[in-house]
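Both complexes shown next keep chain A, but they swap its partner, so chain B is in the first and chain C is in the second.
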Partner chain A sequence: MSIELKGVNKSYGETRALRDVTLTFGDNKIIGLLGRNGAGKTTMLKVISGLIFTDGGEVTVDGERAVENDKALGKMYLMSEETYYPGGMKIRDVFKWSKRFYPDFDEGYAARLAAEFGLNQKKNVRSLSTGYLSIFKLIVALSVNTPYLFLDEPVLGLDANHRELFYRLLLEKYAEKPSTIVISTHLIEEIAALIEHVVIIKNGEILRDEPREDLLREGYTVAGAAALVDAYSENRRKIGEDSLGGLKTVYLLGPPDDVPAGLEVSGLDLQKLFIRLTNS
Partner chain B sequence: MRINNESAEPIFQQIANGVEDAILSGAFPEEEQIPSTTEISVTYKINPATALKGITLLADGGILYKKRGIGMFVAEGARRKIELKRREAFFQNYILALVGEAKNLRLSEEDIKKMIESGFRDEH
Partner chain C sequence: MKLKQSYLYQLREHQKPIIIFYIVVMIVLPLLLVTSVTSYDGVVPMIIAEEVQGEDGATIVYESRELTPEELEEWQSVQSQFSGMDAATVIFLFVCGLAVFREQFGMLSQNGVSRKTVFRGRIAAVLTIAFGMAVIDKINLIAFKWACSLIGEDVICTSLFEQLYNSETKVRGTLTTHVYSFIFCLVSYLAAAMFGYLISLTFYRLGKAGKISVAAGVPALLFIALPIVNFYVADGKITKWAERAFDYMFGFTQSLPFHAFVTLAAMFAVFSGLCWLLMRRAVVKD
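This part shows the complex of A and B:
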């Protein structure tokens, strides 16, 4: 059971937002979709959810073409930065209304989460602050119980306490009822441990698509006296460097083998690796 | 137990080490149940597959065992097993690092021995 993108292309005028993207989301995994601003993350999520059409290629959900297919689209939910609910609608009415489109929507659970986050259900959608608008959309996302869930910048405007609460609720939900969850976010450090799989998109192209652990195992840093570091990093896959006087740190891909004495080897966390892979 | 995302050590390995530490300190006694992978996942905000991998590592090493339908338990003799394993690593992880830094600081073997003796006196 999976969502598959095959050779998907999408352009906006001269800009190629997605270039021949072939990708599979499934296996009830939590996946991090990472990319710099304008890399094509949101376009990809909108294409999958049928909000925009592709210029070529296709999206299938559990083997069925997704375009204008209510059954296929009903298996997924996209929480996006845009708000598609009428501004004058009350929160609790949105919860009721969601049940009509998503039969597995859990109204009781949504009400409990609203209480836990301190969201007043009598308020109108339009009267919510940025943070509470995110919270409101997160509550809907956690309550829809679709097999596929896409979260585009889920913690936008949330304070640290609410972010922490959200990550806990997400993992509790996932443990209780596993589903495929794709999280697109700039806060890489916060989700680094949450995700099992990483997809990195750059200029509309898929740069990486692999288990988080495999990706992390690949990157490492070597630091020490510049001459020694240069000698070691020559003929290795260098993805970046920092210098400070006679000291140098290089960022490398590949196994950290044959490191001479006097050089310090350390790992690269997901955020640092991401920055190095997507620079320039 | 603390999870460090910036560590070169994979998170599943950190989980395994953290559980071992808890067994050594007596926080997780032998023949008692340890927290579930879901509890570990939610508490440390880590993917449950990662938590499971750490726990599986210890189960494969005979430190933990599974009671079907209940959960994971600390094996009898687990503490001793961890002690022996860590003693082997002690020379590699601590002594070599200590000697290396001592050489950088031009401390003699005699200086170090004195410091170790005083360290033991302070502790006990």
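This part shows the complex of A and C:
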């Protein structure tokens, strides 16, 4: 049970958005798909969902070719940054049609989420603000109950309260009915605790594809008095630092060794590692 | 396979426009009937202008002449004539075809429907809509003919088919005329709906430069280049050939409606085929 990309290429004119991408989205995991702007995240998700075609390579869903395959396409749902629902359609009608297209769509759950987020189901899609448009699409995504769910910038325009509510609901849903959820976002700090697996894409190529814990084991964080931290980090591979008054935090690659007393050692920050890995 | 959902969704998308269309028809037609009956002044033209050969034998001139007794009798028997209800449906379905593609394609693709199933759903929906509207238009026509007959013999109501194939309808009995008229409507509606869809799909697939080229190029070719070539180079042969071909394809002169049935059905098939060729590689645009 997995979605596999084998040697997938995609170009837009001179720009190569995906370069020979081979990747597997395994069974029942929350996966973070991370990359800088224009790295190829959205292109990858659109290729998988059949919205656009590859220039080469193939995508399979549970062993079946995904392209133009209703059965394979029916096993996944893409919450896209763009809105493909008709602007004049009411939210409640979108829920009804979603039920027809995805038999496992839970209309009752969608209605409950709409109430919890304060989304008026009588409104047209076109009349929603950016934040509520994201909320509306998130509700459909959370209610659709497909084995594979792709969320492309799911919290775009959401305030902190709604973002927190979404993360809670996502975890509840995952705990209740595990599925493969791929989240593509720039808010790495916010999803760092949610994801079990990380895929980092840079210039259309897969840079890293490994469990989050393995990735974070590549380095560590040291914090303490600035002079002490500087002395410790002097000959080590530093990937970032933060200072506040006389206190300093540095992010280092490699295993922690010979840490002097007075310094506090903790795990690596995913965002710092991401920045380090994806900087040109 | 999500064919049923694709079909139902595309059918449902037409529901509201069709209801509005028939509400307008139901309001406008009786109003036309009432106003035409009350505004008729009983004056009958005694003289008409007719196309005749000029003195040089080459030019066409218009000469006035009196109506023949037969023409006068025919004119006097008709106070008002209502026609073209089905022509309105043809235009309506063409416009619907133009309008629906982009949104439907996005919605269906968002819901995991393949292009193949979108296309099959479209064909099934168009067949259903064309058949349904042909039935409704036929019922409307019969009802309206009946209403006209209540008012008097001098108010008549005809279908597009009866207008185009007048001699055919005089030869055939009423039932046959209705059946032929129904088939004519059905294939006309199918061709119109698919032609609109084809234009919409063509523009969807084209880039900016392509859209401008087609939007400017086709009218320029048809209304500027072709008449010039026809007049200066081909000595009018192109229009004569086109007239003959058009006449044969639709069987107007010989009053052969079967020609039109076959032509319109073939147009529907060709438009559908072209739509599929355009749709199979279409991508969902932002």
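Here, the second predicted complex is superposed on the first by the 234 of 280 C-alpha atoms of A that agree within 3 Å, B and C clash if a C-alpha of one lies under 4 Å from a C-alpha of the other, contacts with A are read in each partner's own complex, and residues count from 1 in each chain.
As a convention for this text, a residue touches a chain if its C-beta (ideal position, glycine included) is under 8 Å from a C-beta of that chain, and two chains touch if they have at least 3 such contacts.
Note that the coordinates shown come from a computational prediction; the quantities given were computed from them, not determined experimentally.
By the touch criterion defined above, A:275 lies against neither chain B nor chain C after alignment on the C-alpha atoms of chain A.
Once the two complexes are laid over each other on the shared chain, residue contacts for A:76 go to chain C alone; chain B is not touched.
Of the two partner chains placed around the shared chain by superposition, chain C is the only one that A:51 touches, whereas chain B remains out of contact. Of the two partner chains, chain B is the only one that A:195 touches; chain C does not reach it.
After overlaying the two complexes on the shared chain, residue contacts for A:171 are found with chain B alone; chain C is out of touch.
Chain B makes touch with chain A in their complex at residues 3, 5-12, 38, 41-42, 44-50. Residues 1-2, 5, 8-9, 103-104, 106-107, 109-117, 281, 283-284, 286 of chain C touch chain A in their complex.
Contact residues of chain A toward chain C in the complex are 46, 49-53, 68-71, 73-74, 76-78, 80, 82, 84-87, 89, 97-98, 100-102. The residues of chain A lying in touch with chain B in their complex are 29-30, 164, 167-168, 171-172, 174-175, 189, 192-196, 212-213, 216-217, 220, 265-267, 269-270.
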